[in-house]
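These notes concern the structure reproduced below.
In this document, chain identifiers A, B, C, D and E correspond to the written order of the chains, with residue numbering beginning at 1 in each.
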Amino acid sequence: QAKEQFFPVLVYRTGAYAPNGTPWANGFIDYLKLTNARGGINGVKVIWEECEFGYATDRGVECYERLKGKNGGASMFQPLSTGVTFALTEKAPVDKIPLITAGYGRSESQDGGVFKWNFPLAGTYWVAADVLIQHIAKQEGGFDKLKGKKIALVYHDSPFGKEPIPLLQERATMHGFQLSLLPVAHPGVEQKSTWLQIRQQRPDYVLLWGWGVMNSTAIKEAQAVGYPREKMYGVWWAGAEPDVKDVGAGAKGYNAVTMQHGAEPNAAFIKEILDKVHAKGQGTGPKEEVGQVLYVRGAISAMLAVEGVRRAQERFGKGKVMTGEQVRWGLENLELTQAKLDALGFKGVMRPISTTCQDHMGAAWARIHTWDGSKWQFTSDWYQADEQIIKPMVRAAADKYAAEKKIQRRTPQDCQS
Amino acid sequence: MAQRKIGDVILDVRNISLRFGGVKALTDISFDVREHEIRAIIGPNGAGKSSMLNCINGVYTPQEGSITFRGRTFSHMNSRQVAEMGIARTFQNLALFKGMSVLDNIMTGRNLRIKSNLFLQALRIGPAEREEIEHREVVERIIDFLEIQAYRKTPVGQLPYGLQKRVDLGRALAMEPQVLLLDEPMAGMNVEEKQDMCRFILDVNDEFGTTIVLIEHDMGVVMDISDRVVVLDYGKKIGDGPPEEVRNNPDVIRAYLGTSH
Amino acid sequence: MAFFIETVFGGLMAGMLYALVALGFVLIFKASGVFNFAQGAMVLFAALAMARFAEWYPQWLGFDNLLLANALAFLTAAALMFVVAWLIEALVLRHLVNQEGATLLMATLGITYFLDGLGQTLFGSDIYQINIGMPKDPVFILEGTFEGGILINKEDLIAAGIAAALVAGLSLFFQKTATGRALRAVADDHQAAQSIGIPLNRIWVIVWCVAGIVALVAGMIWGSKLGVQFSLSTVALRALPVIILGGLTSVPGAIVGGLIIGVGEKLSEVYLGPLVGGGIEIWFAYVLALVFLLFRPQGLFGEKIIDRV
Amino acid sequence: MTTPAPVLTVNGIEVIYNHVILVLKGVSLQLAEGQIAAILGGNGAGKTTTLRAISNLLKGERGEVTKGSIELRGERIENLTPADLVKRGVVQVMEGRHCFAHLTIEENLLTGAYTRKDKGEIAANLEKVYTYFPRLKTRRTSQAAYTSGGEQQMCAIGRALMANPSVVLLDEPSMGLAPQIVEEVFEIVKDLNQKEKVSFLIAEQNTNMALRYANYGYIMESGRIVMDGAAEDLRNNEDVKEFYLGMGGGQRKSFRDVKSYKRRKRWLA
Amino acid sequence: MFYRENGQFKTSYRDDQQIFPIAQDRWAILALVAFAFVGVPLLADEYLFRAILIPFLILSLAAIGVNILVGYCGQISLGSGAFMAVGAYMAYNAFVRIEGMPLIVALLIGGLCATLVGIVFGIPSLRVKGLYLAVATLAAQFFADWAFLRIGWFTNHNPSGSVSVSNLSVLGWRIDTPVEKYLFCLGVVVVFALLAKNLVRSAIGREWMAIRDMDVAAAVIGIRPVYAKLSAFAVSSFIVGVAGALWGFVHLGSWEPAAFSIDRSFQLLFMVIIGGLGSIMGSFFGAAFIVVLPIFLNQFLPWLGGLFGLSVSTAAVSHTEYMIFGALIVWFLIVEPHGLAKLWSIGKQKLRIWPFPH
């Protein structure tokens, strides 16, 4: 019997967020194809099935239920929406399936002591927010220069958009800048009054915590009220091609934080995908999209999952099919060193990631990239989020969750299992 | 046939005027209705007959005038009060509850008398169920009386026009009213059916002693069954009296009957 | 003060754009008594068609002229909307003559799903651009009087002009012509209208076609502002309080309603929003409409609700 | 007497509502050119259904003709739309008024002329309708919903006349009209019939009136034609006299004297 | 031939007033309920429970609530999502803020709060009608969306605005596994469906329908529009609120306001219209149609494609699913504008006169 590791893939290729969901899904699948082309995970072939959920939580849950038991059981899930992440956080421990929420989901789930099954690998919204403030401070010439500055947060009015608020508030009190909160209702096509307010308040910086069409709308409105795009910083999910593509030159100068990667047309693994997958006519999406921001993000998400399985095999038997529980261990003990990353073709794309029982995030690094009118360019160095700030916040939030749910913190023995 | 005793004035309409913008639907109308009598209102189209009933009913509020019912005087009544006092009516342009069955339509006529509250009705135990059955018995009697047994469960929307008229009457009867206002109950019926309808009206009048106010265009019917007739024309009263007298009133002949009658 | 003026102005402009979408609803409701849930989907469908054809024509025919491409795309999209109208009549409405409002509403919902699916199948689900050469950058006026001047958006101004022209034309059409009267008759009573020889089929095709063109214009303008993608269909929700406020059956009502809602919601968001945490404009628009309704249950210009026994 | 050619021929039609309710069970009738035919029958006999079948208005009621054929001057018309029929001169006045509630009386009348183009003719026709029904003229600017029942009935009839029809299907024209107006309506029918050769098919409950003006009559019961004949003959038929004219024994019976247990005449067992 | 009521004579009005006067129907329904309680737990798998049966049951309940308002009382509501949200969030607050709060009581509290909100937003119905009223209910919807995001108290000051519950139990019976959840929902739904059915066939139900069909005439026979409309709003939002609480507590476990967005409101309205306005049974049909059909299509289309050797992309499947779903809605409406329930009763009618066609 062929050995097959099953990867369910929740996608949204339709609906309001399809322009963003599609490239992510294509990158994810292409990387899985590449993995098989490379000979699988120590000989174990990867198989997958897509389930379209249109960014709707209940359909996402249905997909999860449908796929979780298929083909010998799901190795992991990537919920790909904050709403679904919340819902699955309740279900995954029961089903013993790990959740990877690379760069999204709930920030406190970094705390593996409480969130045993959640893996916000490579960064959370708090990391992103923290790095943004660091970058702005640097632009201004130091944290002390932030005093009295005005920063506006234009955010998607949903748990996704609200995630960074506690951290930004923390930073605001620390440095004495003024944070104004401007929510935008789903899906974000109506922002006129938001931007009128921005024109009135004239904040020094605008942080854009949007998703989907909200981002391009925001940039267009900024243009319409004459707010300089150079002073606008998007979140990880507001800094990809679909966000600026149809604004074109009008978006020139717009920045976004990106946890680790950006658009990576020259990365080795991208070349390999073009070579081993697309050249064989097996590419999932159009060729032009390969290497774009969201595509790369999908691919990295797939890579993290694959490496989780590989790591698990190291403990539970190379060349074997891993259960969800075993993959969870793998994800908890990831050790993606620079060398390993380079070997996988991610040289220059990202920094090492290593997780522990306590820390399910594994890295807290990010950079800023800027739209130059036709493509995304890195315009900053690496920043590391400030542990001093984030750690206590994570701890407090996780404790609150544990108390509500009557969950005991994991013991050191449990961490071994 | 039991001899009906026509009693005192039960409903007294005084100086009613009703206007809609520029349209004077009723101008200074007064008439009275005695207990147990059959009082007809006739008049050409648009004379204001239906509007008169609507005023009595509380559907329209007249600008001037008052209505006295059993000694209580109102300048405006609200529909609920009117119903509670025992005035029921039927409608010219069928106003049945289209989506409901015949049985349910007539049952709505009993709603005023239902005592049990929402919770008891939801649980449908004890008093609620007993009450439902009591009222159902009354309604079944009405259904028998009107000879519409076969259509009990049919949605009224599907019934032919004539039967709908009967259901409309049934619904009003279910209220066990003291005064029954009938707006052209026999329109769209042939002679045979009109006879049936007359029989129902007369029976109600005889057996329950219900006072009846009747609008009708069929002069045969009006002449035969009514005790007194009011004639309206362009919102004004042009005649009032026993059928024979009205029939010979030249104003009435000119305005309404035409020469052939 | 300058800011207040700016806000009011922004509201007026937004209001005109709502009015444009609202117009589509009103047309169909007025002419057939159907509350056309699919209006949003039609806006999206038309905009997608326009965006994609404008992209494809130069490729297919090998020319490079924005104006020509847009003109051709507009005509093609209009033709497509005509086909859609015709199909809707032949496949749906014709079979639902004389049915209740709820049923027809539900049918338009079916159409919504269908158009959403079809649009994305034919034209893709990515984000597309309509470039009709609208000026994007703001101008400032009265810079002498107010500090920073008053910001005016040329794009909005042009869009509002187009909307106003469209609405004016259509209201004339409805009030003055025999066809307009026939449309209102159809809305009152399908069967009676049929019985006196009003050809329901043709009337419906015409109306849906006009609504389709209105949707196309709305889609073109909104699309040029926002980019063409799925969320465009949600502008329909913003148009709802507008038609309710203006009156479901009134073309001028769509405009006035649009302006009131536009200004009302912007002012509320800007002045009240910060007090309660912001994001109130959507529900505020609905509450505003509701307040008006309490005084005039048929909307400002709607036909009186007939209530008679 | 030579009967003129039939304009309208109904051949054994069956009508089913809602796929299950069989209402007409093989109805055949004819309307001769330039004549007036009456369909009589009790409530629910199927008169309205017959007229709807002819004018193709059944679909909206979820009914369909499942058998038989309908011809207009020799042409099959089952598959035409109501609008096509109006163009061919066939107009129905629907039972229960059906005025356009939000339109004024005058607008109602004008929509009736939808199929016509000539402005002058339309205006003339409007005047004609107003002379037929002066009451309408006084109420011309009221919304139809706010006119009295009788006024609406006049409006519906007037509206049909605005189409300049050659065949009119009248469904209970007398319903709700004052006696004088009933007479007038029938006079108008006669007038149009004689002067303009308009043919009428009238479903009526007012048997007396109908038989007085019609040339030919059909009596319907439970979805079948149970009797037909020249109006004259029907008027003198004893059964018809008793049950439709209320003149059993040659004398009109008082409505007060109807017995409580009365056997009804049924042609069908 | 076998489906007939002949020979079944009703000797009392009580018999005639049963919910299912025909014996065959009665037995069939009893058997169905028994099967739902006993048979289904033995047969169905986890996926069926969690992804289909539980959502189906809860949404059926919500649809019953909406049907009372829209179908029976004729007041168009596009705010059902809001009432569900109120139910869910208030039940949540009762549950987490009061120590030892029993689940059932929390659900009922959720329902009662929804009732209050329902009545408040029902007040405009006294003046505003039809589609115009929809705007009042939409105001409720958008206001609720906003309030639950913006007002920290509702979410127990959870910064993200998302809340979750766990450790559900009723009288010591822990509700953990899908089967338990299913049985719990089933119990609630059966009870509420029965109560709702009782209401709609009682005096109050007749008042609602009377108001729906012709409000002026209803007033003339003594029905108070105020009472009838507001009681419909109250009962409807109570049921919808409980359904909302179940949706949050039992189905999702953790939720954000988006779970009760306007899409949910529309979805419920569609269920009611497709199922049949003014039919309790129809609410179930409608819920089944709207819940199950898309899922079915989503799985069936790739399978169908597979038969012909096509590998259909997810996006294409999804788009086709939209188109087929839309087309089916239209098709059903053309076949029977009064919804699946009516189709069902016509079917029964045909069966009754079978083998004769009419």
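Assume a contact is a pair of C-beta atoms (placed from the backbone, for glycine too) under 8 Å apart; a residue touches a chain by one contact, two chains touch by 3 or more.
A quick map from chain label to UniProt name: B = Sulfate/thiosulfate import ATP-binding protein CysA; E = Urea ABC transporter, permease protein UrtC.
Since the model is a prediction, treat every value here as computed from it, not as a measurement.
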Please find the path from subunit A to subunit E through touching chains that uses the fewest steps, and give that number.
1
Greatest centre-to-centre gap (Cα means) from subunit B is with chain A
Return the chain label for which the distance between chain Cα mean and whole-protein Cα mean is smallest.
E
Higher-contact pair (C-beta pairs counted), D-E versus C-E:
C-E
Return the chain whose centre of C-alpha atoms lies at maximal distance from the corresponding centre of subunit E.
D
Distance between the CA centroids of subunit B and subunit E (whole Å) is 41
Distance in whole angstrom between the CA centres of subunit C and subunit D is 44
Between subunit B and subunit D, what is the separation of their C-alpha centroids in Å?
28
Any idea how many Å lie between the Cα centroids of subunit A and subunit B?
74
Indicate the residues of subunit C shared as contacts by at least two other chains.
99, 120, 125, 277-279, 282, 308-309
Can you tell me which residues of subunit E touch two or more of the remaining chains?
145-146, 149-150, 214, 216-217, 220, 315, 318-319, 322, 337
Going by the contact rule already set, what residues in subunit A reach two or more other chains?
13-14, 18, 22, 157, 183, 185
Considering the complex alone, what residue numbers of subunit C touch subunit D?
97-99, 178, 181-182, 184-185, 187-202, 249, 303-304, 306, 308
In their shared complex, subunit B is touched by residues of subunit D numbered 17, 21, 40-45, 48, 95-97, 135, 139, 142, 146-151, 153-154, 172, 175-183, 205-208, 243-246, 252-256, 258, 260, 262, 264-265
Can you tell me which positions in subunit A touch subunit E when the two form their complex?
11, 13-14, 18, 22, 25, 50-52, 54, 56-58, 61-62, 65-66, 69, 82-83, 86-87, 89-91, 94, 106, 157-159, 162-163, 165-166, 183, 185-186, 397, 404-406
Note: in the complex, subunit D contacts subunit C through residues 55, 57, 59-61, 81-87, 91-94, 98-103, 107-108, 110-112, 114-115, 143, 145-146, 156, 159-160, 162-163
Counting only contacts in the complex, subunit E reaches subunit D at residues 337, 346, 349-350, 353, 358
